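Paired with chain B in one complex and with chain C in the other, chain A is shared by the two complexes that follow.
Here is the complex of A and B:
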């Protein structure tokens, strides 16, 4: 504990030197100097305290199933889940299901994102579009995605087309909303600077508004990636046809194979985590230099 | 030469500006301002917050053209912004996604120069404000004073006839402010351009200005124009300087009730309170 406290206060004092530093060339602000410091190795950077809870849960689960406290086919042991996992991996079933799901996720994400960027920029830039589409869009946002499932299944069936439509919808909403918000939230101060330098309309959009809105747009993309993954599961669960990791879950539940269900849940969680990590890494690479707050 | 320099002056003729208040009644911000700024002159516009001095500067810059009266710069009426008039804002307003030199370069986007000439101009102006070695630093990596130096370089890089400064040093600490005032004076002497500095700091106004225009609030109007006939660089402890400062301050003392303190100028930053969290 005392170590952690010390670390924190050291950081605080570092920050205070940064704010106090005068700007006589040789006195480099802390942030600029920090960029040159070598990074710690990966092992040391990971905070292992986050692993405590999952490990404890698995230990308790394992203890209960070993002690045979609950006599039921619905409680499977970790070993059984592991066995199912290896069987699913070796047989190629996992690969087939996961690749089908990810392909859907990717196509839905791409279509939805493109649509969202178009719609969002229209709402952001055009007053006419805001007046005409804005109210409908705001209403549309409030409708739960799952309410569209009956319509989609009637129009597009239960196959891949229907699922991709559903996923695109899930990705479109956050991208459109954040693109529009990002464009609207560009500080007037920046626009005045552009006016002072006689930027044309196009220069203003390209060199000021888009870069200023980019963090918000990226938040939209990030949410779209997560939402469309969540929606992938929803689509596979509600539009039951074809293969996918959601179908693996359904199969497990229909056959009372809790090992398969638990395995599916783990795969879904790990995939979601990986997508999240990927998006974070991209975000960091894009905005790390721009501001420290965004890099955290 | 004389005729061209004469026409380089800034003439502010009977300028008035009103804002529409929420209830529809107009609020007079500036009332019949007339002022002639000579070419190459350094004029300080001094007033408390809310006296319309920043509004006046925005009118000269061309950022706001909705006013009565005329502002003529170098023989032409101000209708819009111009690269002939550089501006430095109170908050540095650098684009956070660009480095220091890219921010300066951004001002040259519409300058009639080749790519190489632009690069040279940027390097030259980064050097002018003493920021060699920080060309590739992002604004968040710079201290407040350094960021404001970049903003000054950006304001000057188009080689404007006039540099307008809107309380450029008011958000800086006293030590940095003093140093940047000396810098600005050096740049002004070096470049030989006209500068109009808006400030609420009596000391700063007298230290830098050939003339100090004091303004009274509600509606904003010129109260007095003080000639500062002291040799440069000025000594703040010079008895004549002190006497001038007393005089100007006395001018304002009578109107203390008029001046709404804590106006809208300086945003108070409340950092999020996260320190209560336990370290373990």
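Here is the complex of A and C:
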């Protein structure tokens, strides 16, 4: 969980109605400032102090494993981890596991997001729906998601169907909650202006509500992406069947192969980071366009 | 949610389905009926689901192995409560989550405060911290399983880790958002470093900290359930797994309900605590 994810989760945990700054006006000067700043060479821009700790840790690890002070099969050397990594990459095992995991994550994310958008807009637009579904939805949200896995495994088996159902559920909850919040937080004044201009219902949704609710909806999508990645790991852990990066970790743990486990842990971390970066890049591109549109 | 698009939208769209469904009667009776329908609306969905579940099981649409009838789930729950299994397992789970949460929160405060107060410490440590937190609890699990085994330390470490991350990040963020105007006042009064921290930085950080602690609890509870599902022989998560292994779905469902209820109760009390902390804030910090 990076700082950005923390901020979003913190935002998500606040159930209060919040007003959104929708005009994005403050983004414009920031964009200009970014363009105006002279670009320093890469070496000067990176703060190398951050590298001290990891390098020291690896050096100590390497020294201990070389010195053979600790007699344990669990203490593997960095070289051994690297060898395992290259072996996994070359043999295609990593590609197979990672692609299986990511395919699952993607399908769960898409299904869950679509369902979440539908449910969230129903909750957001209709007061009756909020009143009827809202409390049940809130109660359902309280139950730790992973607690559903045993039930899902009975109903859908241990295969991909069960995993995708679980992942969709993990993605659906944040998207629905944030879509609903975003629609609820559209300032009343906007709606009044739209009414004064005699907007049709479609125009109201397209030109007023959707743009104003978009930042919140995007927060939901972002959280959904992160949660579904966590859920992918959880699903592979608890519904042990087929292949995936979670299964690689389990295999390593069961065979007491610390090198494989460490390699898997790194892959999981890098994948999570990459998904995070992807979401942030998409968001930046999207909101850059919005602020350009606002500037025009 | 009164001053929102919702109400305006409803006025415009005429989304008053409750009124549409009711027969035309005298206006006053109509209004009272509508108010009643409005009050009952949240219970419709659970009631319909429960009715479907009960009749489905009774008529044999669904095999009881797949979905046990509601009364059996209730009986199992009562039996669990009476035999003391529920209490002992809940206690174990609560103890794990409280110890892990407390340790993680304290460490998180310390780490976050150090990161927030010293730019140098931040430059050295934050990149490594950020890299390590990319790995979720479930990623660490196999590593720690090999390192410390399946005992209690594993659970404490993982729950503490889950709580530590949001607390650290919120402390860091909170310590960095001291209002600049108050900072200037402190400089005018020539506050010492510790005075600035005690009277300025910490009070200004309280709302962010409260959010972080709340989030930390949610994460700790989630981590507890996961750890108990994967590697435990006691606790609520274990009850769920045990029920699943024996194909006793009534046990699974009763335990899931308890897990949900405890999480809900804890969240509500932390909500109340957070609201109290926020109310105690001097208005200058709200800005």
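We take it that the second predicted complex is superposed on the first by the 232 of 296 C-alpha atoms of A that agree within 3 Å, B and C clash if a C-alpha of one lies under 4 Å from a C-alpha of the other, contacts with A are read in each partner's own complex, and residues count from 1 in each chain.
Throughout what follows, a residue touches a chain if its C-beta (ideal position, glycine included) is under 8 Å from a C-beta of that chain, and two chains touch if they have at least 3 such contacts.
Treat the numbers as computed from the prediction; the structure is a model and nothing was measured.
A.B. asks: Which partner does A:47 contact after superposing on A: first (chain B), second (chain C), both, neither?
C.D. replies: Second partner only, chain C.
A.B. asks: Looking at the overlay, what does A:252 touch: chain B (first), chain C (second), both, or neither?
C.D. replies: second
A.B. asks: Can A:203 be said to touch chain B (first), chain C (second), both, or neither?
C.D. replies: So A:203 only meets chain B here.
A.B. asks: Taking the superposition as given, does A:273 touch the first partner, chain B, the second, chain C, both, or neither?
C.D. replies: It touches chain C, and chain B stays clear.
A.B. asks: For A:193, decide between first (touching chain B), second (touching chain C), both and neither.
C.D. replies: Only chain B is touched by A:193; chain C is not.
A.B. asks: Residues of chain A touched: more by chain B or chain C?
C.D. replies: Larger number of chain A residues touched: C.
A.B. asks: Tell me the contact category for A:219 with respect to chain B and chain C: first, second, both or neither.
C.D. replies: In the superposed model, A:219 contacts neither chain B nor chain C.
A.B. asks: Answer with first, second, both or neither: which of chain B and chain C does A:264 touch in the superposed model?
C.D. replies: second
A.B. asks: In the overlaid three-chain picture, which partner chain does A:143 touch, first (chain B) or second (chain C), both, or neither?
C.D. replies: A:143 contacts chain C only, not chain B.
A.B. asks: Looking at chain A, which of its residues have contacts with both chain B and chain C?
C.D. replies: In chain A, residues 1, 7, 190, 192, 195 are touched by chain B and also by chain C.
A.B. asks: Can you check the complex and tell me which residues of chain A touch chain B?
C.D. replies: Touching chain B: residues 1, 4-5, 7-8, 18-19, 21-25, 29, 31-32, 35, 189-190, 192-193, 195-200, 203, 207-208, 211-212, 214, 289-292 of chain A.
A.B. asks: Spell out the part of chain C that touches chain A in their complex, as residue ranges.
C.D. replies: Answer in residue numbers: 1, 3-10, 12-13, 15-18, 38, 41-42, 44-46, 65-66, 120, 123-128, 130-136, 138-143, 145-147, 165-166, 169-170, 172-173, 208, 211-212, 214-215, 218, 221-222, 225-226, 229-230, 237, 240-241, 243-244, 247, 249, 252-253, 255-256, 259-260, 263-264, 267, 271.
A.B. asks: Taking the touch rule as given, give the residues of chain B at its contact with chain A in the complex, in rising order.
C.D. replies: Where chain B meets chain A, its residues are 61, 63, 81-83, 86-87, 89, 91, 93, 95-98, 106-107, 109-110, 130-134, 137-138, 140-146, 149, 158, 175-176, 179, 279-280.
A.B. asks: Mind listing the chain A positions that touch chain C in their complex?
C.D. replies: 1-3, 6-7, 9-10, 13-15, 17, 47, 49-54, 57, 74, 124-128, 130-136, 139, 142-151, 153-155, 183-188, 190-192, 195, 201, 204, 209, 229-230, 233-234, 237-238, 246, 249-250, 252-253, 256, 258, 261-262, 264-265, 268-270, 272-273, 276
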